[in-house]
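Data block below; observations after.
Letters are used for the chains, namely A, B, C, D and E, taken in the order the chains are written, and counting of residues starts over at 1 for each.
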């Protein structure tokens, strides 16, 4: 009998989710699962995800893979779907509470931020004490990835956090400012230009993802600061890793969307066969698909791989 | 010398005696087609209804899961919020305005209701009343700027959209209030998320068709507004204000007051939509995409429903069908399993097609 | 019996002999204030200019980094794309239309130029010409639907916005073309990202003020369009079409053709903006925010610039100042150091304030 | 000097002094005076652009004069909008007719003073009494002989120019209680319809309501008016009685070909 | 039967047969015929709503008739829009004037046939020759005696009703080459300005151009027209010469009080 599954991502324009979809589609084909994909219209689009879950249930899907835009708010719809006998697996972002989903295959975004923070701190050495930090975040609505990565970075860098559930409330004078980028080159460029106008001595740039980092780099280059400024990012997409290789980005935390997606599809196929549910990683309440720091200038005390290895593992 | 004048006009007006009072009645060809066209012409909301029927038929054939009671009730519950926002938008568009802030008012009102209850411990029903009142006030502010300061609606609501959305994020500190907390402590907030189950089979769990209270609310609101717009003086004034504001003012319509009332009422509808959102989504989330997209969605419903953006023409029933058409398309395409980008693409095509069909029918019958 | 008629009218028209030809010249008070008001009234683009000056003064005092040449040139380069899209939007709004698809056309055109070069290996200059041509075609399609099928511009461009954006994602497979690849293989794509350095000190690296070619392009385009709109027959036809399309058609303006030309030209401007985007951002990215926000940004510039959304009134120079006002505010607020959420909030307030000031000055001088 | 030739026995029902209205460089009203006596038909004549419409707009609240005062029945009044003037009993047909094109004839006639259904439904549901409104509208239009209007629910935009004007005149005549103002009511009307309007004006006067009539049609003016206000270059040049002067004199005064006795052009 | 009373010596310059135009239930033109002879002034009279404006709109391309044929100088023509009619030499003043309110008088007069600067600038930069356009506009308006228009760059929306009409008439008279059509050109005009328009009509005829004049002003019609087309209930009832009938007869025909000889109402 045919098994059908749904993949619901935050948007389907971000390369990260595009790759996740590709991974899921490939795996689904391999296992003979009929896969339908849905996405929010903009970042943080919660309603479209609710509508998508409803459509999947109406359509009689066996399982749903979801990267939730609003991890708390989606819980109700997930509950309704599970009550209707659908297996729900959270990908990339855990739900809140995490046991609202049957299983979670995710990256630890806070850890991803922490890694680049630690790397940056070590790399700068003593200069870190008077660094000038620019933070290029995602959106003013501060979705959870945005907060986790940003706060993780600051923690790793040794900046005292305010409320760890939001960015922008830190009082450390090293922070020049937060700007939002929508996670693309255009946003990264404009945000960097604005922060440079505010303080031309910025030497440390955190970016939400690699496209934003590429945009920031263009702005720095135009200001004649293409060397001497450290850019760190998160994602590990192939263009991003290439940027690490070319020295545009100092370090990035790589995540593995393809792995998440294929694991998810496998879990649904297994569930359809014998009703078994996947188990979490030992010692954690979710299945950690892992995050790895990629840099060509390893720092002592921070595990990392180089960009050549990163290119083999990158996802798009 | 008025005799002089008398002679002058009598020079020709004497011809008037015995003037015919005959009415110019013309022989009319009453072919069935002509009559259909005439009916369509005089019943503008019938046009979106026909588009809707065609869409239903198409998806019914294209996908097997479509004509299930569950699917249809899901469509209704998915458009409940857009439908209520559409009531607000219809009012505004009838006055030749546009309200880009509807979604922001809805989300902000829902956040206010939630935070009042959970942050300050105000009893939920009172929070709801406060939320509705504040939503009305936000709308009234739009109305004031438009009617008294005489700023263009587009720009005023573009501004308040940004202002309210930012205020919403700042005030809520981006915090979502969880569904389980609401259920436990403030069930009134979730009132519209309750449902009535039809055709339930007592033996089988979760059988039957659930229809949310929110769906009934939307239908009632549309019906009430249809009555108000058609059968009360105020409704006529709304149309007159949109049709030609200067003429309406000269003819004795207090256009300024009507505008403020319209925007305030729109604000109230948005706040109601905000309350419904809590019931529908379970939780209170300041990042709900209605804040970003509610305006475009409601405008789409209004325009597919045949309401003129230049004001004064169209009916709220049309808006309801417009919202349904979009809902049916989105669900139908999802069930067919089109890729989301293709869904956007096709919704774009649909918007243009629906209006083109509408235009074509109107032209044929003109 | 026409003699009869003659007598009738002569009964009073004899009074005409010797009628005065005196012109109703009225004593006018020519106080400097009155003259200023009159000048403001007849020069609508002066109003946003004044708002701009006030904003500059305010931020100059509020933050020390503001009046640096570097900051000012950054503002100019940040508004270059909005300014070019604003030229497109101005044309459309002058015809009482609205173009929601400007951003989508720009992004899609830039993606087309990039992919033609990198996917198919077409030489960059040819890709650019193709991209410009396709952008024009997309605009012309809008124009065709609006002028010939007679659909409302709002709904047509709402549809094509979604269609083109979706097509953009589908066609590009969400792939970004990286800045270093473009620099190496197709520098023509990045042409507008080159700069001229003023006041450079040869001894110091990176000194002086860089002004992007894109900024000059924007200024030239605004100037050319200002000339075309003011001093050519076609420009007058654009105004007449927006003012009262029926009257214009009866008076001999080929309104349909004018509309199609306007939308096609707007498409060309958007494609140019797309080309400029490549130079400015370095890379070709289908997810550029301009696709989502370009329409709202350009409409904001147009409206703050005092161009009426009802068509036929306003000047493109006003749009330029409108874009500058928004740019100055965004940069100024950032320098003052407000949180992005507050910046968003204050931009909303600004939009309303700028238009309110405009309205107030106009009323005072009327 | 304006009242030259006849003495003021009663107080004017509507009086204005020193009205000024400027439009940019143009002065539409230049210290203009105005008097309307109870129960009279006052015609206002003048060249195009003399400021006649501006005068009645100022009187009826459609524009706010820059200067000057207005008295209604001896009381000092300021009308900030046409609704206030209408509530005070001044009903106006503007030259630009003031109708909502997409609405029906009946809707337009009752705009701003709609009838509600009697009883519960009208009181609590505020339901309009359409049949009553349509009946009334039909009667008033029949009085004007606008029989070619076939359907009282027709949108006003589908009427011919003359039909529209007829509807506007019927509305004013039906509802005016203190003063009825007509700005060129017969300009677009045919011979038959014009005659009906003149009869209607007489009917209204018979009800004791004074009328201000702006018209370029001298025979009509001289036939129907009790007094004629001659407007020139933004102000009242003089007021004459039709019995005392010929049409030819009036035309000469208003075009500046002759000056009335005792008036100098530079007044 | 329409040509009763005079024989056709020449071919009509403009001829229409069997024109039909329906608006929903209303039939504005009901198999209407029409003839305009070279060099004549043809008046069209009829009740409000008789279909006069619809007739000339059909002739000038502003509406597309549902049925019927039109010949210009013997050639079968179809005008799909006013521009085509204008290019064929038919210039029309519509009852609703067709002006762009926000544009200046000069812009409006030259709308659709703007003058370009001579030489390089005009040819390659397509620059308008504003001084020439303004001079021409001023001359034409002076001919009409619309001297109270102070500024040729004033927006049309700031003009009084009569001034606007004057501008429209001046435009048609200045540019018409084969036929000039005027739909109630003097409706809003004062005595002096009306007289000027009548003189202008005579001037145009002197240039050999025939004129169609729709008017409700019988004295004017009988004074100036060579022939009078009487329109009733959407069709041509008859055509008369002013010498043969009294004004009173014409009014009786058009209102249906009397029937012309040889015509039955049900025609």
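Following the convention adopted for this analysis, contacts are C-beta pairs under 8 Å (C-beta built on N, C-alpha and C of every residue); 3 or more make two chains touch, one makes a residue touch a chain.
None of these values were measured; they are calculated from a predicted model.
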**Complete:** Chain-touch separation of chain B and chain D, in steps, is 1
**Centroid-based (C-alpha) most distant chain relative to chain E** = A
**Request:** Tell me, please, which chain's centre (mean of its C-alpha atoms) is farthest from the centre of chain D?
**Result:** A
**Counterpart interface for B-D, drawn from C-E, B-E or C-D and sharing over half of its contact pairs** = C-E
**Prompt:** If you tally the C-beta contacts, which comes out ahead, A-C or C-D?
**Reply:** A-C
**Asked** chain D-chain E contact: same residues or different, taking over half shared as same?
**Response** same
**Message:** Can you compute the centre-to-centre distance for chain C and chain D, using the mean CA position of each chain? Integer Å is fine.
**Reply:** 45
**Item:** Centre-of-Cα separation between chain B and chain A, whole angstrom
**Value:** 38
**Message:** I'd like to verify one number: the distance from the centre of chain D to the centre of chain E, where each centre is the average of its C-alpha atoms, in whole angstrom.
**Reply:** 29
**Complete:** Averaging C-alpha coordinates per chain, one finds the centres of chain C and chain E separated by a number of Å equal to 41
**Request:** Please list all residues of chain E that touch 2 or more other chains.
**Result:** 24-26, 49, 96, 148, 150, 191-192, 218-219, 222, 246-247, 251, 255
**Asked** Which residues of chain B are in contact with two or more other chains?
**Response** 4, 8, 11-13, 15-16, 19, 22, 24, 166, 169, 339, 341, 344
**Item:** Residues of chain A engaged with two or more neighbouring chains
**Value:** 12, 42, 140
**Prompt:** When you check every pair of chains, which ones turn out to touch?
**Reply:** A-B, A-C, B-C, B-D, B-E, C-D, C-E, D-E
**Request:** Under the touch definition given earlier, write down the residues of chain C that touch chain D in their complex.
**Result:** 8, 11-20, 22, 24, 26-28, 38, 41, 366
**Fill in**
chain D contacts chain E in the complex at 23-26, 46-50, 53, 95-96, 146, 148-151, 158-163, 166, 184, 187-194, 216, 218, 251, 254-255
**Prompt:** Along chain A, where are the residues that touch chain B in the complex?
**Reply:** 12, 34, 36-42, 44-48, 50-52, 54-55, 58-60, 69-73, 75-77, 83-84, 96, 140-143, 147, 163, 165-166
**Message:** Help me check something: in the complex, which residues belonging to chain E touch chain B?
**Reply:** 22, 24-27, 30, 49-50, 218-219, 222, 233-234, 246-253, 255-258
**Prompt:** Residues of chain B touching chain D in their complex?
**Reply:** 1-2, 4-6, 8-9, 12-13, 15-16, 19, 21-25, 227, 231-234, 236-237, 239-240, 243-244, 246-254, 312-313
